[in-house]
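Dropping the structures in below, format is structure tokens.
Here chain A shows up in two complexes: once beside chain B, once beside chain C.
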Partner chain A sequence: MEFKVRAYRFNPEIDDKPYYKEYAVQDFPGMTVLNALMKIKSEIDGTLSFRRSCRSAICGSCAMKINGISKLACKTQVNPEITKFGIINVEPLANMPVVRDLIVEQESFFDKIKEVRPYLLGQRDDEEHYKFHALKEGEKIIQPVYYKSEFQNLTGNNDTPNCILCECCYSECGGVVGNKNYLGPAALAKLYRYSEDPRDNDRNGSRLVNGSKPDGMWDCVHCQACEEFCPKGISPVKGIVKMHEKAIKNSINFSSGAKHIISIAKSIGETGRLDEVKVAFDTGGITGLINDLPMAFGAGLKGKIPPHQA
Partner chain B sequence: MLKHDVVIVGAGLAGLRACVELRKKGIDAIIVSKVYPTRSHSGAAQGGVNAAFDENDSWESHFFDTVKGSDYLGDQDAIEILTSEAPANILELQRMGVVFNRNDLGGIAQRPFGGQSFPRSCYYADAVGHMMLHGLFDNVLKYKTKILYEYFVTSLVVDNGHVSGVVAYDIKNGKFEGIAAKAVLFATGGYGQVYSSNTNALINTGDGMAVSIKAGVPLMDMEFVQFHPTTLKSTGILVTEGARGEGAYLLNSLGVRFMSKYAPKAMELAPRDVVARAEQTEINEGRGVDGAILLDVRHLGKERIMERLPQIMQLSIDFEGVNPIYEPIPIRPGMHYSMGGIKTDNNGRTVIQGYYSAGESACVSVHGANRLGGNSLLDTVVFGRRAGVDIAEYLKDAAFTKFDESLIKRDEEIFEKLKKSNGKERHGLLKAELQEEMRANVGVFREEKAMKKAVKKIEELKERAKNIGVDDKSKLFNTDIVEAFEFSNILLIAEVIANGAILRKESRGAHYRNDYPERDDENWLKHTLATLDAQGNIKFDFSEVTITKFKPQPRTY
Partner chain C sequence: MISYAYYPGCVAQESGKELDNATKFVAKKLDIDLIPMPEASCCGGGVIDGFDKNLKLFINGRTLALAEKEGLDILTICNTCTLTLSEVNEELINNRESLDKTNEYLAQIGLKYSGKVKIKHLLYAIRDDIGFDNLKKKAVKSLKGINIAPFYGCHILRPSSVVKFDDVENPQGFEELIKALGGEPVSYVRRTKCCGFQTILVNEATSTSLAGNAIFEAQEKGADVMVTPCPLCHLSLDTYQTVAARSINKKLSLPIAHLPQLIGIALGGDYASMGFSRHNVSLRPVMAKIRQNEI
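And then the complex of A and B:
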């Protein structure tokens, strides 16, 4: 079968504005969109530009919009797309500036990952016993003990450590549409991943305080896009909601963060997106406070507008 | 011109591990990588990383298994380091934040792997490389490391036997940049793209090895190329050995577990070279299924498959259209790993002062003629760490040496010339021809006649490569020109592999010759060292294999 690929083209060095170019490609069984793009590049038009590396959905390089949806080109089969749309439309991801063709500028995405301090803060005290050393003859190493249950939110198939930083969620995120400074689902999934780690020694809860700063986890508009479009089956928003709950539960312990959280919570109350959060408020034992907040459900959710801008 | 004490080229596991070691000491080390670090191929590693933890296991047994697995070509002093430092390295990763699956006692869970006499492969479902790569990268961020990503390194700059830095092409804006350094580490990974049907990322083009041999650094044991027994039939995408570790069967068209014929004791868990040859023999003798063999995990049951092999299940569905819960997976041997590489000592040092290599780009050699599954990830962290430690020492009395800036100009001109050429050859198509030639004639089974044909083909491709034209003349993110340059690298690596394979007249580990089917310790228990002469022709030399504890014995499984 011959099919058409319609590619977004833009090279600011030579083009005034973006345009689309069509290529006819011959398919083979099991062909992926990445295969098709590579075929075009090597046989027809070497100027067509895109990122790729692993071709097995693990490196996160090849995310792009395929027939309107942010996906991994290497994981998307040509056939079903053609059946559904009659063509393969490829465009760069959204929410990031285009560098050229299907390549977007990722600096801000990665900066946000850095912002959540994606590493263990401190160590469990007994870790000091396990200092690095080569074993001598007959010597056996002693391991620290961590039970399965301690890692239960980190070792499942769809748990956040499986994130490949592909930016699909970020490209579809309603929160980022409304506020380009919003940390976004991937960074927050990372924050969640470390906040769930039994080895993390975040004694004063600084992670959640940090994550609660403006443009942080309270700017999620709960549009669920991240869960829907993640090629790894991860749900960043579930983690975000859990962090909301945790933050509220612990709010009394936050010295500087507490006020902030409460004020943001208030604004959420005003814009109405409290469904999940409300539960947490209740269990958090600060229901008194909640009662003072005016409630108006629904509005912001549809418009994908982050709370404090609604 | 940029200037840093240490330049680490490559942001896979080896590069990142070395980087963490240096950065935590506050050393001015930067990372240069042609892709963003998390896009590196290490992330694709699925199965596991070996270390003896169990009280009934021992690092000495891991030591012996590795020596035997290497078909006695691995250097035993290096293998002793690899295996005795393994457990501490894994714990150190764990301390840095890497998550491993747990056993019921609260220790790290371990699964069996080919050629290992004990279940000692630590894992994170079937995505251990991903977990390690992201865990280490997070630590590189923790130490606020400068990362030059989407920079393509084209040359190593050497002054009088001392390293002076590298030349790199900034893919984002098309500018060449000199980066001066007191020490340079290449952790540039393997060369999977030399072969068609390989498990490697498209970026694995052996750049670091090509750049090194051009700079006068010998490449060691390049004829040893690992073919993995279980790669998806249509795409070459890997199905981890962990699948067999979990109990998968290999079946031929008669539904027979044919490994009983080739490795009656180890069966499916014999080392990769043995299994790959067994499969190819079954296929060649007409007991394949459409040119493939079947990998059957159905008897493990849905639950176990979903818990332990989720990625394999998804890959089989996405890339082969087969759900392994209900159907066996069609697989065949595919190029997987480069045992050879830049010759280094046990601390990553090369013949050039201040120039180091670690990981798959290096040859220490711990894998010898055949790498065991789960030993490569281990190699990257053990020797990445050691290189970091050694560089920190080296810096104490190292200085910047003279950086020959004309090399920047030289590389710039190569690119400019490529851009101006209106040659009619397309590098993408030449690459496909080369890959197919290497698969067919310097593959699982080798013989002189076919390999000589391959060498001829390489000569022809070298001629035709002079006529390569690139479509893309832009400065901005020009991947066309990068691919053209990568092609020249794989062409050079292919030439080294093919010539080395012709030279080695014996069968050892992954190098199997129909015309010399026996191992020949008398003449060939030695490493090959490839260099280039002034005309660019490949020359070979040899070096001793270090044997400490284990005298070579026949290798049966």
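And then the complex of A and C:
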């Protein structure tokens, strides 16, 4: 079968603006989108640029938008895409500037990963043998490593360590679309992974305190796109929600996001219902109320705010 | 006649009363018996597990048990209620420990849940239980020539492991419904994206820019009206539309209808009975265009 690949093209050195170019490709059984792109590059147009490496869905290099959704090109088969969309439309990932064609600038993504300190903090005092020391005669090296199943049992966290940093979640994240400074799902999944690790020596809860600052975990819009489109089956949003619960239970509730959830729980506890006006007041306080006054006034005029609450 | 335990959710009973009324109007026309659930509580607004996961299980387990007691499936008209109830249902069906824990709590109030209830959103209940052909037969007004932008929202589609109504990558249920009513579905990228409602009180700028961009795109594609199956999306898109316009620095003026209001109009409802006066952006231009079809 011959099918069409419609590729986003943009070389900032020579192009004024992006454009799309179509290529006709002959398929073979089991052909992936990455196979198709490599065929185009070697046989039709050597200037088409994209990242790729392992071809086994483990390096995360070939993430791109395929028919509008962020996917790994090496893990996506041509046939089902053609059946559903009739074409292979490839574009660079969203939420990051384009370097050239399907290649995006990853700096902002990795800066955010670094920001959550994706490594174990300090060393636990109770684990003397883990401390660096010269080996005595006959002593074996004991590495502070948990087997995957052991880690899962200890933390209930069986997915976030599988992250390959492919940026599919970051590209689909509603929170990042609305706020370029938002940490995003991958960084927050990392934060969750380390905040749950029993080897981590975060005595004063600094991980959750830092994660609660503006642009952090309370800015998640719960759009579920990170879970839906992760090629490795990870659910960053579930990790984020678990961090919310842990933060509130540890009284890390200075953010308006935490106040919002506490107020909803309180409202349900008191009346069984969600009292919209009360929750709005509890979350934003006086400032929030004043900011929203024109909108609230308009809504009140339309009968949207019940008179007993206004 | 088909019966459901009717779970309108909190917003449709307070700021979005017009949605509740339109749903009842549509149900009557389509011979759907909506059995009220006066004892049901809030689902937790999609964020309650961030407070306490057990609370989410118990309050929604209770709602499911109330429906099961009546031998009914639950009909929802809110995306977030649909997802939250479905998530809890999945968990109670697949996780014995969660079910036992929930039933221990339910036993104290004389209830028990065994996992028999199904959650259906009105959009897909009409598709699967009534049929778009039947809907078409009952329509008295055509929406011919009206460009309708369907705004799915998130929680009716994602995660598809829990809400399994439609194809998450390219859903068509909403478009099929619009076509059945004679309308022209507007194709635009942000139809399945987020409206930002969940953080509207936490980070208004993020939220309203999401809503604003979706409205702007639909407007640019020539939409006369945008329709949503979720009252939370409606708040973001309609009530906050002026704020959204400011946050993306564009001029926005797109009427936003609730899904049952659109169906209601086709089934003979008018401006007043659909409660359009409660909307921020006027639907009069759309209604005028629909009236032209009758002449």
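The rule is short, and it goes like this: the second predicted complex is superposed on the first by the 221 of 310 C-alpha atoms of A that agree within 3 Å, B and C clash if a C-alpha of one lies under 4 Å from a C-alpha of the other, contacts with A are read in each partner's own complex, and residues count from 1 in each chain.
To be clear about the criterion, contacts are C-beta pairs under 8 Å (C-beta built on N, C-alpha and C of every residue); 3 or more make two chains touch, one makes a residue touch a chain.
Predicted model, so just to flag it, every value in this text is computed and none were measured.
By the touch criterion defined above, A:Lys65 lies against neither chain B nor chain C after alignment on the C-alpha atoms of chain A. In the superposed model, A:Leu135 lies in contact with chain B only, and not with chain C.
In the superposed model, A:Arg9 makes contact with neither chain B nor chain C.
When the two structures are aligned on the shared chain, A:Pro161 is found in touch with chain B, with no touch to chain C. In the superposition on chain A, contact is made by A:Asp45 with chain B only, not with chain C.
With both structures placed on the common chain, the touch criterion links A:Arg207 to neither chain B nor chain C. Of the two partner chains placed by superposition, A:Lys112 touches none, neither chain B nor chain C. The residues of chain C lying in touch with chain A in their complex are 10-11, 13-17, 41-42, 44-53, 55, 59, 83, 154-155, 158-160, 167-170, 189, 193-194, 196-199, 201-207, 209-210, 213, 239-240, 242-243, 277-280.
Residues of chain B touching chain A in their complex: 35-36, 38-41, 43-44, 52-53, 55, 58-60, 81, 84-85, 87-89, 91-92, 94-97, 99, 101-102, 104-108, 124-125, 127, 130-131, 134, 138-139, 141-142, 172, 201-203, 234-235, 237-238, 306-307, 310-311, 314-315, 318-321, 426-429, 431-432, 470-472, 474-480, 483. If you check the complex, the residues on chain A that touch chain B are 11-14, 29-30, 32, 38, 41-43, 45-47, 49-61, 75, 77, 99-100, 103, 106, 110, 113-114, 117-120, 123, 127, 130, 132-138, 140-141, 143-148, 151, 154-155, 157, 161-165, 194, 197, 199. Partner chain C is touched in their complex by these residues of chain A: 67-69, 84-85, 174-175, 177-179, 182, 214, 218-225, 227-228, 235, 241, 244-245, 248-249, 255-257, 260-262, 264-265, 267-268, 272-274, 276, 279-280, 283-284, 288, 291-292, 294-295, 298-299, 302-306.
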